[in-house]
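Quick one: this structure, given as C-alpha cells, is what I'll be asking you about.
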Amino acid sequence: MRDADFFRRWLDAAAAAVEREADRLTELDSPIGDADHGSNLLRGFVAVRAALAGADASAPPGALLQLAGRTLISTVGGASGPLYGTLLRRTGKELGEAAEVSDEQVREALDAGVDAVARLGGAAPGDKTMLDALVPGVAALATSYADAADAADAGAVATTPMLARKGRASYLGERSIGHQDPGATSSALLLRALADAAGGAA
Amino acid sequence: MRDADFFRRWLDAAAAAVEREADRLTELDSPIGDADHGSNLLRGFVAVRAALAGADASAPPGALLQLAGRTLISTVGGASGPLYGTLLRRTGKELGEAAEVSDEQVREALDAGVDAVARLGGAAPGDKTMLDALVPGVAALATSYADAADAADAGAVATTPMLARKGRASYLGERSIGHQDPGATSSALLLRALADAAGGAA
Amino acid sequence: MRMLINTADTVVADALRGMAAAHPDLDVDVENRLVVRRDAREGGRVGLVSGGGSGHEPLHGGFVGYGMLSAACPGEVFTSPVPDQMLRAAGAVDSGQGVLFVVKNYTGDVLNFQMAAELAEDDGLRVEQVLVNDDVAVTDSLYTAGRRGTGGTLFVEKIAGAAAEEGAPLDRVAAIARQVNESSRSFGVALSACTTPAKGSPTFDLPDGELELGIGIHGEPGRERRAMMTSREIAEFAVGAVLEDLARSGPADAPVLALVNGMGATPLLELYGFHAEVARVLEARGVPVARSLVGNYVTSLDMAGCSVTLCRADDELLRLWDAPVQTAALRWGR
Amino acid sequence: MRMLINTADTVVADALRGMAAAHPDLDVDVENRLVVRRDAREGGRVGLVSGGGSGHEPLHGGFVGYGMLSAACPGEVFTSPVPDQMLRAAGAVDSGQGVLFVVKNYTGDVLNFQMAAELAEDDGLRVEQVLVNDDVAVTDSLYTAGRRGTGGTLFVEKIAGAAAEEGAPLDRVAAIARQVNESSRSFGVALSACTTPAKGSPTFDLPDGELELGIGIHGEPGRERRAMMTSREIAEFAVGAVLEDLARSGPADAPVLALVNGMGATPLLELYGFHAEVARVLEARGVPVARSLVGNYVTSLDMAGCSVTLCRADDELLRLWDAPVQTAALRWGR
C-alpha cells in the first residue's frame, strides 16, 4: 500500500527532476516551440514544493495530488499548466479520501488522469505530445513502476520522428519532424520520479 | 595656364576616386562616425558628374567649380556636403570669369576655399578633420601638384593619433584616437585627383 | 544576452511596475498580474478582458482603456496567463453586463481562459469567449491546434471595445468580435529569431541572407525558409497569401483595414517602406485601403520582421474603428 | 544584412511612399523629401520645421501635424538633409508669421539648416533657429562640436508646437523652444550596435556581455564600454548623470517630464521595466515625475538600448505638453 509519504516523495522527486532538467526542457522547446517549457514547469514545481510543505501533515494522497494539480494550474500557465494540473487533480480525485492506496488503485487513478488530459487537450497518441509518454507509461504500470518509467522514456524518444498535430509544434508542419517533444520528455521525468519514489520505498 | 577642361578632368578624377574608395570612406566613418561618408560623397559626385555634363561647354573654370559646389550642397547633406560645397564654391568665386587661370591663381583660390571651410566649420588643423589634409595639401601647392597630393596624404595619415575636437568623432573623446579621419582621407583623394589632372595635362 | 533587464524572473513584474509609473490612469496590480481600466465598472458596459504571454507588447496591456480593453492579463514571457488572473480580471471589470474574453488561439491560452470562464460562471458571471485565429500560415483543420491568433487581435480588441464603449450588450459585442476575427487574416515573416529572457539565446538559428516565411509571434520558426527577399517580394507573397484566404469568405474587392506590424527589432523606417509595397499590391489587386496602421503593435520580443493583417471592413466596422480610443498604445479622438 | 528593404538607395524614398499611403492627412513629397502638415498655412500660425538624418523614426516625420511640427525634412540615413529641403519646407509652411527651425546639434545639421536659413531670409522669410543639445554624455566646450541633440528634441517639438498652435508669435515660440532645450538633458546606452543600409554590417563591435555608455543616436560608440549592467544599475547611472547636469541650471526637486526612449530593437517590455527603475531613482532623489512617455521615439535604426531624457517643467510647459496633438506617432486630446 502507498501512503501520503509515497506521493510526497514522488512529487519531490519530480520537482528535483524538473529543477535538474529545466534548461534541457526549454532547449527542446526552442526548435519546435517557444522556449519556455522548462521555466514553466520549474515555476510550477517550486510552487508545488511550497504548497506541499504547507499542507496538513495528515492530508491523504488524493488531497495532496489535488493540491499539487491546483497549484500547477495557478502558477504554470501555457499549455502544460492546465494539462499537468488536470492530470494530478483528476488522479487525486480518483484516489478519494483513503489514507493508503494499492498500486492497482494508483494505476487506475493515473489512467483516469491521463484520460482527462486527452479529453482536455483533444490529443491522441501519435500527435507528438505528452500523451506519447503518458499513455504507454501508465499502461506499463501494470507490470511495474520501473517498466512504466522505461516505457515513458521510450515513448518520449519515439516522438522525434513524429509530425506534430497538436500544440505549438503543429504550426511547423513537416518541420516538426526530427525533434523530441518537450512535454513528452517532462512526462517521462514524472514517471521516472514515480519509479524512484517506489524504488526508494521498496 | 589651366582651362575649363583641366577643372573638368579634376572633378572627373575626383568622382572616379570617390566611386572607387566609397566603401573605404564609409568604413573609416564607422568606428568614429556614422558610417556614411563614402555614400554621402558618392551621391554628391555622381550628381556633380551629371551637372558638369549638362553645363555649358563654354563655362569658365570659376563657373564650373561653383556649379560643382552648389551641386554638392544640394545633394550630399551631412557635414561634408556644406564643407566641400563651400570649398568648391569659394574657390570658383575666386577664379572669377577667366577662361584660363595660372597655377598661382589656382593655389590662391584654393587657399581662399580652404579658409572658407575653416570659418564655416570652426575647425583648425589638429582637430582631426578634413582640414588636416587640406591645409598642408594646399600649402604644398606652392611647389607642385604632386607635392600637394603627397602632403595631403601625409596629413590624412597624421590624423590617426589625433584626438578629435570637431565633427562626430569628437563625441568619442579619447576613443577617437587611433583612427584615421574619413574627411581628411577624402580630402587627400581630391588633391590626388588634382595632381592626376595636372599630370595628365603636363 | 543583450537585455535591458534585472533578472529573467522579474521581467514581467518590472514591466508592470513601469506601466504603473507611466500610466497613473491605469490600475496596475503587479502582484496579481493585471492591468485594469480604472473606470472599468462605471457606465454599465460589457467588460472586455484579454491576455496572453508577455513579449508581444504593447498587446495587451497597452490596449487597456477607453474604447478598448477593460483589463489585460499578462502571463510570463510567451506563456499564457493562469486562470486565476482572468478570473480576477473578470471580477474587477464586470458591472453586471457580462464579460467577453478575447483569446488568441493557442492551446495554452485556450485551456487557461476556458478554466477561468468556467470558474467565473460558477461565480455567477456571464462570460462569452471569442477565439482569434487569423494567421493564414498555419493549416486549419480539426486535427491540429488550428490557426494562431496574431495581428488580428488588435482589430478585434479595438472594434469590439468600441462596441462595448457604446453600450452594446454582451451578445452583440461578442458577435462583432467574431465578425472582425472572421474578416481578418495575417501573415508574418522573420528576418531574425528572438531571444527570450529565460533562454538567453535566439530561439532558432537564421543565417544571414535567409528569412522565415509564415512565422508566429512566439519566436517559433515559420513554415518555410528562403533566401532573403526584397521588401516588395515579401509584400507580394504575404499580401497574396492573406488575400487568397480572405477571398474565401467575402468579396475580393471590399475595403480593408491594413496593419503593417513590426515584430520588435525592425525599424519604423523599414516598416513604412514595407507598407508602401503592401499598399502597391493592394492597389494592383483593386482592394481599397480604408485605414492603415504601421508600427510595433503585436511583437515577438526583439525579433526582426513584420506581419501584415487585413480586415475586411463594412461601414459599421469602419465606424467602430474610427471611434475614440484612449489607451497607452492606441489613441485617437480624445 | 537583415533588412526589410528593396535596396539601400531607396530606403528613404520607400519609407516616404509608405507614410503617404498610411497618412492621407499628410502632404508627403517623395521627390523633394518633405512631410508637410496639410493645413500648415491655415490659421496664420508660426511654422515649425525640423529634420535630420533618417533612421530615428518616428522623429521627425511622425511628429508632423496638429500641435507639433508643420513640416519635416528627412535626410538620407544618418545624414542631415540638404538646404534645398528646409528652404522648400519653409516656403510651404510660412503664412507670414515666420518659421522656426528646430535643429539637432550635429555639425551637418547645423551647417545645412544655417544655409537654408540664409537662403530663406534672402527670400524674405523670417526664420529663427533653436539648437537642441541635450546629451550630457558629451563634453560641452567652445572647442568641440558640443553636445548632441537627442531625446530632448521630442520635448522641444511638442511644446513649441503647442505654443505655435495657440498662435504665439515667432519670438515667443522660439523662446519656449529654447527654454525646453535648456531644461532637457539625456543620456543613452547601447546593448548592440546598429546596421545602416549603406554599410550593411554593425557600425561597431560590441561583444555579448558588454554595453556602451553615453551613446548618441547615429550608431556611434559611446564614451565608455563596460561589463553588462542590470536595468537598475543603468537607470541609476543614466538618471544620475542627467540630474547632476540638470541641477546646474535650476532647482533639483522641480517636477520633470520623463522620456524613456528605445533605440529601436529593445522590446517595450524591457523599456517599461527600465522605466520602473527610472521612476524609482527619481522618487529616491525627491524629483516628482509630472508626465511619462515610454516607447520608441528617437531611435537609432535597429540598435538595442535606450535613453532617458528629463525635462524640468513649470506649469506653463506642462500645460503646453498636455495640449492636444495629432501626429502619426504622438497623439492625444483629439
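Order of writing sets the chain letters: A, B, C and D. Residues in each chain are counted from 1.
Throughout what follows, a contact is a pair of C-beta atoms (placed from the backbone, for glycine too) under 8 Å apart; a residue touches a chain by one contact, two chains touch by 3 or more.
On a predicted model such as this, the values are computed, not experimentally measured, just so you know.
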item	value
Smallest count of steps, each to a touching chain, taking chain A to chain D	2
Interchain centroid distance [CA atoms averaged], chain A/chain C, Å	31
Centre distance in Å when chain C and chain D are each reduced to the mean of their C-alpha atoms	29
Distance from chain C to chain B - Cα centre to Cα centre, in angstrom	53
Shared-contact residues (touching 2 or more other chains) in chain B	none
Residues of chain D engaged with two or more neighbouring chains	77
Contact pairs between chains, per stated definition	A-C, B-D, C-D
In the complex, chain C residues that touch chain D	1-7, 10-12, 14-23, 54-55, 57-58, 62, 77, 191-192, 208-209, 228, 230-232, 234, 260, 264-277, 279, 289, 292-296, 299, 301-302, 304-306, 326, 331-334
Contacting residues of chain A [partner chain C, same complex]	26-27, 30-36, 38-40, 43, 73-83, 120-121, 165-168, 170-173, 175
Residue numbers on chain D that touch chain B, as the complex places them	8, 53, 75-84, 106-108, 111-112, 114-115, 137-139, 143-145, 148, 196, 198-199, 203-204, 216, 218-221, 223
